[in-house]
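One chain, chain A, links the two complexes that follow: it is found with chain B in the first and with chain C in the second.
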Partner chain A sequence: MLDYLISIMLTAGIYAIFALGLNLQWGYSGLLNFGHVAFMAIGAYTTVILSMNGVPLIFAVLAGMVLAGASGAFLGVATLRLREDYLAIVTIGFSEIIRFLLLNWSSLTRGSFGLYGYPRPLEGMVAHEDYNLLLAGIVIIVLLLVYAILEILAKSPWGRVLKSVRDDEAVSVSLGKNAFSYKVQSLALGSAIAALSGSLLAFYLQYINPNNFQPIETFYAWIMVILGGSGSNRGTIVGAILLWGFFSTTRFLEGYISFSPSSSSAARMVVIGMILVGLMMFRPQGLFGRKEELTVGK
Partner chain B sequence: MIGQLIANGVVYGCIIALAAIGLSLAYRIMNFANFAHGDFLTLGAYLTLFFAATLNLGFPVACILAIPVTAAFAVALDMGIWKPMRSNGASRTAIMILSIGVSIAIRNALIIFFRPDALRFPLPVMESMNVGGILLTSFQISVVLIAFASMLAVHAILSRTVLGKSMRALADNPNLARITGINVDRVIRYTWMVSMGLAALAGIMFGLITHLNPNMGWSIILPMFAAAILGGIGNAYGAMAGGMIIGLAQEISTAFLPAEYKIAVSFAIMIAVLFFRPKGLLGGG
Partner chain C sequence: MANEILKIEGVRKGFGGLLALDGCSLSVQEGTIVGLIGPNGAGKSTLFDLISGFVRPDAGSIVFSGKEIVGLPAYRIARLGLIRTFQIPRALMRMTVLENLMLGSQNQMGEMIFAPIIRKSKVQADERDIENKAEEILKFFALLRMKDEYAGSMSGGQKKMLEMARALMADPRLLLLDEPFAGLNPTLSERLIERIKKLREKGLTIIIIEHAIPYVLALSDELYVLNKGAVLANGRPDQVISDPRVFEAYLGVGFDAQP
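Entry: the complex of A and B
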């Protein structure tokens, strides 16, 4: 039971970090990143591949963040001068391309066999059975750090400009702010945060393969952000806990309903899709969001 | 060798073009990128399978039924979801996020009803014919013929009918269209019908030359959008040209690149267009 709680804490924590990156892009900056999972995948694979080749873990994690941030910036430069839907289209394509690349670049990624047996942080310090508890501690510390940094950034002049760009780009441009550059920065930083969550996910799973990074993962993050209230970091964390609560409860209920495994996970996805539809139709500000902070209801 | 790749590219390009026309029309009239478009391809293909295999109606009848049923479903969805969103003045971004939810729900509902495995239409396996050194099945030839006929029909609707005129008026200026007495909701409903009818047709064709699986439409959303953007998103003729170019480029690339990477060709073309000619070849809406 305790193991089960720790594993929920780990996944909810890792996905909360992942979703915080999206909240920076969408909640604070109004950017439609529909391929967030690509940056998580880049983080996970870069960290694992580098650390298997002897690079110290901390640098391997940082390298993943830099690579993901640079990819995010590249996609931003390609699209952010255009209408906002181009970013959505291009990022969704990018996340598929990254998955195809990971599946097919076998010499580097071992394709669908995946990678395992890679180093994890502080591995020698505790017994193998206790490692998840230690990792949960690390995840929570990272989550709190990311949260604190984002809160400080949100209240800083940088964060205020971001929000002003989101609310009315013309006004901030007329005040001499380079809106385009702020948006690219926000996209890059959010992508780097996704990469960090990817490294943590790799440490937790001990085995990664391209199917861990399906497009649907991106929309889990979207639901977490919207459920909690776009633009609220605290809301995003609550959203992550709620969504993971939903997953664990439905998995628990599965034992009582005679569904084939593929049908029951599909049924869960139908509910996920409907939650997204329902939120956008009836409560776009989420459970705790403030209407005046809303990027979608205008 | 290259002739064969070009032939494959034309067949694939026809499917992408039909899908991209609907995507582009919906973008122009409803003013948002519909991420559920691919799942309507899938829906059309599976409805055909249902009519043909489960109800035993014969394949041609099944196709003729599946297309209007898909279109009717799209109209129902407009009344239930898109119209309330429009009347609430919801933003484009909200509507796009919503379309993702619709896409996830449709795809997984199909998994529940039809299992996640690959399926085939109940049709005999076709021998390839040798047409001047190029191997083609009669399925592939009919895909090309029907696609071209449909493109001509779209051209006729857009240029010769009152509906086409109203669609263009609505796309240029919704408020002006409304005060000149155009019934906006009705034009939008017809646009959904045309767009999703074409999507269903594209889905049937895709299932015919490959196989059916619940992910089939979602899996080609990238080439679909790449085609629409390449042609100039919002421009139906651009989508036809874009679809053909994307189809040809993907197939011809297999002469130089491993076939697994052909989808990356669409992505590369899309990025290049955004950098150098974001309005697309024919200019978007």
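Entry: the complex of A and C
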């Protein structure tokens, strides 16, 4: 039972970090990133491949973040001068390109066989059966660190420019702000955060394969951000805990309801969908969003 | 005194088959208020878009304090101290009034991505200075009591004032005001006239597009009339306004046809 709680904590924590990256892009900058999972995959694979080749873990993780950040910046530079919906199309395409690249670049990734037996942080320090507890501690520390940094940035002059770009880019430009550069920065930083969550996911799973990074993962992050309230870092974390809490607790019900495993997972998505529809009708700002932000100026 | 801050020569801009500006030239002296009037579609707002770099002219040159600015991105022109406002007020709706103003301040170190973390105390000290300045300007526009409200909850007239206040936060050298009196009641308009005059005393140069002729006459040192994308007349406001050609452009009839 304790093991189960720890595993819920781990996944919720990892996905909370993942979703915080998206909240920076969508909640604060208004960028439609529909391919967030690509950056998680880049982080996971870069970290694993480098560490298997003897690079110290900390540098392997940082390399994943840098590579993901650079990819995010590249996508931004290519599309952000166009209308905002182009970014959505390009990112969703990019996430599938990355997944197929990982599937087919067998010499590097072993394709669908996946990678395993790679080093994990502080592995020798505790007994194997206690490792998840240690990792949960690491995940929580990283989550709090990312949260603290994002909160400082969101309330800083930098965050103020991001919000102005989200609200009305022309105003921002008319006051001397390079709106384009800020959008690229936000995309790059959010992508680097997604890569960090990818490295942690790899440490937790001990085995990664390209099918861990299906497009649905991106939309889990969107559910978390919207559930918690776009533009609220705290809301995003609560959204992640609620979503994984829901996924995990309903797993217990499977013994009582005569659904096959596949239809019960479909039933879970139906329930999530209905909750989101209800949320949009009765609390469109999400759990922690501010209602005024949706109603002003309409 | 005769220090030319802005010189526009022969700018042309077409949108499809329509020529919005066709060889328009004007010159603005530092520390003056220049009025810009003309019938709807004369090209006034397009001229503002060109000066501020939001739209690139097809031909012509625009020199701001000795520097050619055609082709510069709009945000760079703003950084030179040439700040515009918009005809339809564009408040940053989901930000507070105070945040709207603080955004306007220039050269903020805290706008660099990791500066708020690495240079925390410096950025916080800057923020306090910027906030004090913002509150002073809000007081000037009688908006101080609204500082923590969302800008989206302001009335149309208040948004006009907010926009001007935000522009002033940037310490502009040249301010472009696009119909600042539209949607303002007469009391507010009188107050705004006094405020704009005070800004001129401080040495600010202002170009005003405005349809309300009495306000333009009360403020302008020089008046330009635009018609069909070119300057129809310019000079001292009282002379320009009694020019028969101006009358004709506005009413579509000759001076003689006056009743």
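Basically, the second predicted complex is superposed on the first by the 277 of 298 C-alpha atoms of A that agree within 3 Å, B and C clash if a C-alpha of one lies under 4 Å from a C-alpha of the other, contacts with A are read in each partner's own complex, and residues count from 1 in each chain.
By our rule, contacts are C-beta pairs under 8 Å (C-beta built on N, C-alpha and C of every residue); 3 or more make two chains touch, one makes a residue touch a chain.
The structure displayed is predicted, hence computed values, not measured ones.
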Touch test for A:126: chain B only (first), chain C only (second), both, or neither?
neither
Comparison of chain B and chain C by chain A residues contacted:
B
Looking at A:108 after the superposition, I want to know if it touches chain B, chain C, both of them or none. Which is it: first, second, both, neither?
neither
When the two structures are overlaid on chain A, which partner does A:5 contact: first (chain B), second (chain C), both, or neither?
neither
Taking the superposition as given, does A:145 touch the first partner, chain B, the second, chain C, both, or neither?
neither
Counting only touches as set out at the top, which of chain B and chain C does A:58 meet: first, second, both, neither?
neither
So chain A touches chain B in one structure and chain C in the other; where do those two contact lists coincide?
295-298
What part of chain A is in contact with chain C in the complex they form?
149, 152-153, 156-158, 160-161, 163-164, 166-168, 170-179, 185, 189, 292-293, 295-298
If we count contacts the way the header does, which residues on chain B are in touch with chain A in the complex?
32-33, 35, 81, 84-85, 89-98, 100-109, 111-112, 115-116, 218, 221-222, 225-226, 229, 258, 260-261, 263-264, 266-267, 270-271, 274-275, 278
Hey, which residues of chain A end up touching chain B in the complex?
30, 32, 34, 78-79, 81-82, 84-86, 88-90, 92-94, 96-97, 100-101, 103-104, 215-216, 219, 222, 226, 262-263, 266-267, 269-270, 272-277, 279-281, 284, 295-298
Contacts from chain C onto chain A in the complex sit at residues 52, 54, 73-76, 78-79, 83-86, 90-95, 99, 102-104, 106, 108-113, 115-117, 120, 123, 126-127, 150-153, 166-167, 169-170
